[in-house]
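Here the structure is laid out as structure tokens; the discussion comes afterwards.
A, B, C, D, E and F are the chain letters, set down in written order, and residue numbers restart from 1 in every chain.
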Amino acid sequence: MRENRLRTLWRNDQAVLNGWLAIANSFSAETMAHQGWDSLTIDLQHGVIDYAAMVTMLQAISTTATVPVVRVPWLEPGIIMKSLDAGAYGIICPMVNTREDAQKLVAYSHYAPRGTRSFGPIRATMYGGADYPSQANDTVVVFAMIETAQALDNLDDILSVEGLDAIYIGPSDLSLSLGCRPVFDDVDPKAAQAIDHIVERAKAHGVYAGIHNGRSDVALARVAKGYRFVTLGSDARFLAAGSQAVLGEMRAGKV
Amino acid sequence: MRENRLRTLWRNDQAVLNGWLAIANSFSAETMAHQGWDSLTIDLQHGVIDYAAMVTMLQAISTTATVPVVRVPWLEPGIIMKSLDAGAYGIICPMVNTREDAQKLVAYSHYAPRGTRSFGPIRATMYGGADYPSQANDTVVVFAMIETAQALDNLDDILSVEGLDAIYIGPSDLSLSLGCRPVFDDVDPKAAQAIDHIVERAKAHGVYAGIHNGRSDVALARVAKGYRFVTLGSDARFLAAGSQAVLGEMRAGKV
Amino acid sequence: MRENRLRTLWRNDQAVLNGWLAIANSFSAETMAHQGWDSLTIDLQHGVIDYAAMVTMLQAISTTATVPVVRVPWLEPGIIMKSLDAGAYGIICPMVNTREDAQKLVAYSHYAPRGTRSFGPIRATMYGGADYPSQANDTVVVFAMIETAQALDNLDDILSVEGLDAIYIGPSDLSLSLGCRPVFDDVDPKAAQAIDHIVERAKAHGVYAGIHNGRSDVALARVAKGYRFVTLGSDARFLAAGSQAVLGEMRAGKV
Amino acid sequence: MRENRLRTLWRNDQAVLNGWLAIANSFSAETMAHQGWDSLTIDLQHGVIDYAAMVTMLQAISTTATVPVVRVPWLEPGIIMKSLDAGAYGIICPMVNTREDAQKLVAYSHYAPRGTRSFGPIRATMYGGADYPSQANDTVVVFAMIETAQALDNLDDILSVEGLDAIYIGPSDLSLSLGCRPVFDDVDPKAAQAIDHIVERAKAHGVYAGIHNGRSDVALARVAKGYRFVTLGSDARFLAAGSQAVLGEMRAGKV
Amino acid sequence: MRENRLRTLWRNDQAVLNGWLAIANSFSAETMAHQGWDSLTIDLQHGVIDYAAMVTMLQAISTTATVPVVRVPWLEPGIIMKSLDAGAYGIICPMVNTREDAQKLVAYSHYAPRGTRSFGPIRATMYGGADYPSQANDTVVVFAMIETAQALDNLDDILSVEGLDAIYIGPSDLSLSLGCRPVFDDVDPKAAQAIDHIVERAKAHGVYAGIHNGRSDVALARVAKGYRFVTLGSDARFLAAGSQAVLGEMRAGKV
Amino acid sequence: MRENRLRTLWRNDQAVLNGWLAIANSFSAETMAHQGWDSLTIDLQHGVIDYAAMVTMLQAISTTATVPVVRVPWLEPGIIMKSLDAGAYGIICPMVNTREDAQKLVAYSHYAPRGTRSFGPIRATMYGGADYPSQANDTVVVFAMIETAQALDNLDDILSVEGLDAIYIGPSDLSLSLGCRPVFDDVDPKAAQAIDHIVERAKAHGVYAGIHNGRSDVALARVAKGYRFVTLGSDARFLAAGSQAVLGEMRAGKV
């Protein structure tokens, strides 16, 4: 079975550099995959992407060594299993707020006896190899998103769920839920405290922690604190930022 | 009829800042259209885009004041007319090498008596207004690409074709055809000379000249020489450049 | 933030004329949006439309002043949030039968502290404006569909849920559930009585009431009774009716 | 081989009632096909439709007895042959202005020895039957569009091309080319005269004549003059007209 | 209303030969539908297919007498109802493990008073006929998948749910859940025993039993034991097997 | 630059085993690519595939070592260049009947100074490598289809065109043009003679010869005669053949 470089990097105590895809297109996904990201996450939740586009994007990413990850829209078994069957090597699931949520997530994403994932890895065997059925449980990485006050309250209960590999923080949602401004980087103190707390508890439970970032200085600081999966920017943000930079230069030149 | 801001800017002797779309997606097109480009060109020639995607991208651009332009794959009446019917306010046509080519281009893109464009502006009337049929000939802008040694030889013959509004230079193709390296900005002397020559002849004929650029300093210099439609970067290039910048910062930070 | 004309019309005690889209196509959506409807509803439930087509249709509608509304397939957080992120200014949710259903609907469609909507208004900020995050809760309109005997039993419990702006009646489903024929206009007495009752209770609770109609005389009568959001026909029905009219005239002429 | 009802109706001296599709969607096409049209034309020229959508629309039409016809964007062998391979039983080709144009059209659309159509009727054999290869030449109907002053000048030369079954008039383009207003029904006298002239010459040559119409009274009058294939309205026009009718009634009712 | 040949065959005590579609394409679906399968199942669960592709595939199948069946991704009302509205004559639902699951499945797929299916059979009436609303409950066939140890434990509770027409076995999932290897044909003894047991109990309850097979000898043996709906192979498997056969012959010939 | 295995195999005097794709889907293409074909040809001419689907299929093939080839619909520069830009490593062009046709084909598919291909290898550089611009002319393989009596008459003129790497025979079209039955394998004597003649002349000119086959025995015999690129079957044919085999077994078993 093809290795999951997320696990390889983690075994070496290295952080994963994750890119983000919100545009439903296989050519833009392939372009991003050729830039050197360790992994790319196809965002089915807030990205403008559905399952059909995701499949072609997974194929595009599969032309490179970049690891394909999918953020599903919700904790719903249908789309989690379809994403895995299509070859996702990582699943990020939003709004895991309770121990029961986390248990469901583990169940939906692992074959028996560890879980209740239905069998039919139609593209995953092409991507992963013929032994995917027996190796998938130990290869795929599942991230539970910790992004609400409720999840914070249940943090240890969630982190102790057997089979949960990793967690992922959406700073915007976490901030909103704590009554703070919804931003990625310069979060309010209450959110900042939570972000520090979560990575500490995750380390204590042997669970890998990931987080969404806007700027590299913030991402580097978070890696220093123990985060091992850091997202930076997104395809859509690169379009806006690249345009703004160029237009600014031209308008400054009176054009 | 909705004005064509290209003509408005030109009447004021201002240059048009044109963005470039190679990704077949209406959300990325809409994102680009919200950045402040004067116009956006959907590239059906070297972009990874076909007619069906183009229609949704034209709609996305139409949610803003940015002028929609289409580069067609070739001097072929079917796609030129379909692009116009779909609401393109500008057409860029590759490889116009002879006076006859230029005459065909004008014919395909104008209604009788000026040309032979077939009647059926099905989306163009929604975009442009109910008087599109009578105003289109004077509103839409047509660019003939001057990008070969043959076109250079025939330059005055081409520029003097009645109804040809504008020309557009692809520095890569022009360079290749002249035996130089295919680049946008730091072109070889022979190509640089041609680029200067073309804008001079265009001005002499009262034809607007446009050109593809990679960097803003180059674009500004070309505007200073008389170019009035300058393209900078593209959606796909912004993805690569934005990723490279961020990844460089992170790798420098040992992540 | 761009105003929601539904709220503007309602403040002036005017009824909203709503068109209906069952065809998954951005050009037909744009054609409909240019006819003067106050709002257009993209029907993801019984229409033959999925999320990907919906996005292009929302863009097409956004080229006009018509307000974009989405009927989701079911009370499910994933698609409700994705529709809002894509720029829907109204959500119609089927089969809201209990107070708990209505509370979930409000939660899924509002940001904290009013609800639990996840943050990521990727296209909504382009459509609504940069202040969408802070204004969305007070701008977007959410309709709970009252269309079963059970919902009738729980009517006041549903209508008193805080944050529920509006309700919408599907006369067919309501009729079926009451043991009547599933029609839009000439409903059986039991359904007619329920339709009158619902608008009365809605008015008592300060909740706006909408309803699906086939004919304009029926819609006018319902407006007179207090309905403030009336749907008439649909794209697919106009195709059938228009064809039948023309074919009837021709066959009568012996062609 | 499945009969071509166009030929059957013509053998009985009956006119064909043809509907028109400009919306790229298989569900709207199927809806139209269920209304009783003798044939439906998928318009790849001025309709907002490409090849990929056309295939699904041909399949949708194939669920009924309605005959599928395709108007190609231009006299170009690639798309003519692809449309036939996909199961079109009729081809309408724009802008056939000379005898040579008409000869090319016949060549592209018939197998040797009558023409040079390339062999590969991949979906056509499913639609037509296993004997499609040997019967297609005598089953498919090819229409040359007569819509310019030049075509009028060459009318007899065109009509006498062997293998040309039928012609089709676009009153808008014909009017434009003759210096008249581009309309379907109430054409200017010069265009009206041409329309009468063309059907007379077609009859003289044993070629069937078709024409585009907006209103049924005009279509009936043209059938009376000898036209045997009359188009009425289109899917997009039914959307606009249906909406206008309903909105007019509601606005009149002060809603 | 168009008959459901599944019911007709069953009334004659004949088994249904079912083909399987995992490729999201209407042309491949039409090709399969022309081969003589009694029914074809579009697999939205493990197949690489979403709703939008499914609609075009249902249309493609509707050009033949083959019965269209859909396997939904999960026991979720939105997609079950959308599949039925789109004209599916059979629904296969995965992971029905309890009596409550089975009751929900029956409720979601039948109109009141038998269930709670929402009314809007937009394509189903075109496929089935104008009396679809009154006949659908007795025409459509619903299969509950029995594929876990839990479902085996609850077998009689499930089979006795009123309105449940049929069950379907996924031998892979059933095997996995019982601690056996996930295969279709040569299942481990424990799974084999369960497969025999299930069909016996189904017969006792008057419920039709279906099962997934890889080879025809296995399918024939299962029909002999009482299975009345047998799936064989799939589109994707035919591609692999056909390629392997040909490549093997060529490589043996030293090419 | 990534090698073109067609050239590598040919240098070793080995024949290329080529598979054929007529289904517009990236998952079926990826499935085919995993079977071990040396190359796969995406058929834009008689296959039911357009440019947009082709791009995703090229990406799917790029996940393996199989060489991606495209058959274009016609000798038209737009689609030839777009296919190359999208990463095709081989182009098969139908109906090359004259020396001028062959010269155009070579011109359209090579950069200056060898040809007039426009510069913009947007996906090709990702697939082939950064040195694609300088290496493409010597890497990509171009096949001229010899499939008419006219081409036979001009055979030596065509084969001697500089830069023409290879030819490809469509036995059906060649047969039709010679007045024979349109089949792949058991061609009529006149066509058989032509097929033998063509490979002899190709060898004399140092041009590689390819041919379409239905059965492996025929393909093996043709390889023995000197053909070095043999196509066998197609995705659509495997679906039909696989279904027929299984259905035959079941019907023989009285199911």
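Criterion: a contact is a pair of C-beta atoms (placed from the backbone, for glycine too) under 8 Å apart; a residue touches a chain by one contact, two chains touch by 3 or more.
Computed from a predicted model, the values in this text were never measured in an experiment.
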Neighbouring chains shared between chain D and chain E, ordered by label: C, F
Chain whose Cα centroid lies at the greatest distance from that of chain E: B
Between chain E and chain F, centroid-to-centroid distance (C-alpha), Å: 38
Approximate Å spacing (C-alpha centroids) for the pair chain A, chain C: 34
Sequence positions of chain F contacting 2 or more other chains: 22, 24, 27, 31, 34, 48, 50, 52, 55, 76, 79, 122-123, 236
Those chain pairs that satisfy the touch definition: A-B, A-C, A-E, A-F, B-C, B-D, B-F, C-D, C-E, D-E, D-F, E-F
Residue ranges of chain F in contact with chain A within the complex: 26-27, 30-31, 34, 55-56, 59-60, 62-63, 122-123, 126-127
In the complex with chain F, residue positions of chain D that touch it: 50-52, 55, 76-79, 81-82, 85-86, 111-113, 116, 118-123, 133
Chain C residues within the chain D interface of the complex: 14-15, 17, 19, 22-25, 27-28, 31-32, 34-37, 48, 216-217, 219-220, 223, 230, 232-233, 235-244, 246-247, 249-250, 253, 255
Chain E to chain A touching residues, read off their complex: 22, 24, 45-48, 50, 52-53, 73-74, 76, 79, 94-95, 147-148, 170, 172-173, 176-177, 179, 182, 236
